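Both complexes below contain chain A, partnered by chain B and then by chain C.
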Partner chain A sequence: MKAGVVTVLALLLGGILAPVVVAVASADPGTSLHTLVQTRLEASGVEHPVTAVLLNFRAYDTLLEIGVLVVAGITGMSLSRAGARAEPELRSTNTLLHALARWFVPLMLLLAAWLLWAGSHRPGGAFQAGAVLAAAGVMMRLTGLPTAWIAPGPMLRLGLSAGFSVFLLVAAVGALTGRAFLAYPPLLSGPLILVIETLLTLSIGMILLGLYVAAAQRDGADE
Partner chain B sequence: MSPGLLYALAGMLLFVMGLAGFALLRHLLRRLMAFNLVGSGTFLVLVGLAQRPDGEPDPVAQALVLTGIVVAIAATALALVLMRRWFDLTGRTRLDGEADE
Partner chain C sequence: MAELLLDVLLVLALLSTASAALLSRDLFRAVVLFIAFGLLLSLSWVRLHAPDLALAEAAIGAGLTGVLLLDAVSHFRGRREVE
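Moving on, here comes the complex of A and B:
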């Protein structure tokens, strides 16, 4: 009964939304954001339009996003009572996996660094690099490589908050020195974006890994 | 029909499916997956509509979706942590009073 009603309602919603999507797709937006970005790309400090939008034109979104991530990370980690203790039963003892992980982790770190650098002129950037970093951390954890740096402590706090705090600092300095909030000095925007992106990568990787560690913990297993 | 529009319509379909699933399912993990389906559908609509006939997609929409994906991942991970904790504390996989299947 309930399933039927929900299905009918969903189909109805789909029937309403489909023509809307078609109408939006065929509508002429007049001024195109796409051309606007292209004409201002020179001033952004990077060559790739998506990175320019993320770290310069719409840096507000990215700042708030990393803020949300920090809050989510801190909440998740404070919920897991046991702290970041390695769980032996989750580990694999496969020797081949161990040998492979020792090769893969450095390669993944290299890939993350490349993705970060690539973001300035082609698809890539802080989020992709951060995701690869987190994946490398998950692999280290599952294969039993030492992951002491994810244990609660000053290093973890610094890593979690570095991206957000430096981003906020750059934004505030822009406001205090007479430019707008989040406006970079024109000549320094390229290097500043690189610094912010590097720290964002580190923070995103740590937050995702920290949430993974927190979710995998068994509550009954704490000492 | 352009490929972009096809993506947008597929995204709309995912959105509606996810919404129905969210209303119908009671198991927390299933609800989370349904919720993610809603989010992914929305992203697909945005990315699909951002495709332009001249081949260059709109970077603003792509950046918005990228931001959305990262937030969605963090929110999903946090939801998993909360569910895990809820399960550890109560032994239940759903929020309402009904017994687990």
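Moving on, here comes the complex of A and C:
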């Protein structure tokens, strides 16, 4: 009975949404944002339109996004029990897993660096690179490689906040020196974006790994 | 023709993994299906010429969210066994 009502409601909603999606997709978009971005791409300091939008034209959204991530990371880590954040014991004696980690972790670090650099002229960027960094960290935790930098301390605090605070600093300096909030100096926009993206990558990697560590199963902690 | 076939297969695979993940009784199985769904979704972003989104989907949507969900499932299991 209940499942039947839910099915009917879902079908009804789907039936209403489908024509709307088709109508939106087939509508004339007017001034194409794509051409607008392409004409201004040279002024942005990077060659890839997506990075130009994320880090320059709509940098405000990215600033708020990393702000939300920092708050989520700090909240998640402070809610975790103290035992969860401690260094894990060597969890497995599986030689294959260790060999795999030894091959994969350096490759993942290299891939993260490449993704970060690629963001200036092709698909890539801080969020993807940060996620790969975090995945490398997860692998290190799982195989019991030392991850002292994620333990509570100055390294963790600095890592969590570096991306957001430097981004905010650049934005505020822009406002204080007479340009708009978040407006980069025209000649420095390329290097500034690279610096912000690098720190964002480190921060995002640390926040995501921190959330993983905070949520990890408590082996022996409460059993 | 081959591209159309690929797209149709992709849509069918997306729909079936999504519904299987939602309908699965076993939570672990649901998470694995969710990860498979995320990887297929990143393929469809590639087909829509959005490689940036595809990268983010594969890394964050499928990878990290999957790991966090697996963690949550193992946490629930431990609690259930204690009770």
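The rule is simple: the second predicted complex is superposed on the first by the 210 of 223 C-alpha atoms of A that agree within 3 Å, B and C clash if a C-alpha of one lies under 4 Å from a C-alpha of the other, contacts with A are read in each partner's own complex, and residues count from 1 in each chain.
Keep this in mind: a contact is a pair of C-beta atoms (placed from the backbone, for glycine too) under 8 Å apart; a residue touches a chain by one contact, two chains touch by 3 or more.
Just so it is clear, the model here is predicted, and its values are computed rather than measured.
Per the definitions stated earlier, placing chain B and chain C onto a shared chain A by superposition produces no clash, and the two fit side by side. For the three-chain arrangement built by superposition, the Cα-centre angle with chain A at its corner and chain B and chain C at its ends equals 30°, in steps of 10. Contacts of A:3 after superposition on the shared chain: chain B is touched, whereas chain C is not. In the superposed pair of complexes, A:185 makes contact with neither chain B nor chain C.
In the superposed model, A:50 makes contact with both chain B and chain C.
Legend: residue contacts after superposition of the two complexes on their common chain; A:132 is shown touching chain C, with no touch to chain B.
Using the contact criterion defined above for the overlaid structures, shared-chain residue A:67 touches neither chain B nor chain C, since it reaches no partner.
Once chain A of one complex is fitted onto chain A of the other, the partner contacts of A:152 are absent, as it touches neither chain B nor chain C. Contact with chain C, but none with chain B, is seen for A:124 once the two complexes are overlaid on the shared chain.
Counting the residues of chain A touched by each of chain B and chain C gives the higher count for B.
In the superposition on chain A, A:208 makes contact with both chain B and chain C. Residue contacts after overlaying the shared chain place A:115 against chain C, while chain B stays out of touching range. Put simply, the nearest alpha carbons of chain B and chain C end up 5 Å apart when the two models share chain A.
Where the contact sets of chain A with chain B and with chain C meet, they give residues 50, 125, 127, 131, 208, 211-212, 215, 217.
Here chain B touches chain A in the complex through residues 2, 4-5, 8-9, 12-13, 15-17, 19-20, 23-24, 45, 48-49, 52, 56-60, 62-64, 66-67, 69-71, 73-75, 77-78, 80-82, 84-85, 88-89, going by the rule given at the top.
Interface of chain A with chain B (complex): residues 2-3, 6-7, 9-11, 13-14, 17-18, 21-22, 24-25, 32-34, 37, 49-50, 52-54, 57-58, 61-62, 65, 68-69, 72-73, 75-76, 79-80, 125, 127, 131, 204, 207-208, 211-212, 214-215, 217-220. Residue ranges on chain C touching chain A, taken from their complex, read 51-52, 54-56, 59-60, 63-64, 67-68, 71-72, 74-75, 78, 82.
The residues of chain A lying in touch with chain C in their complex are 50, 115, 123-125, 127-128, 131-132, 134-135, 138, 208, 211-212, 215-217, 223.
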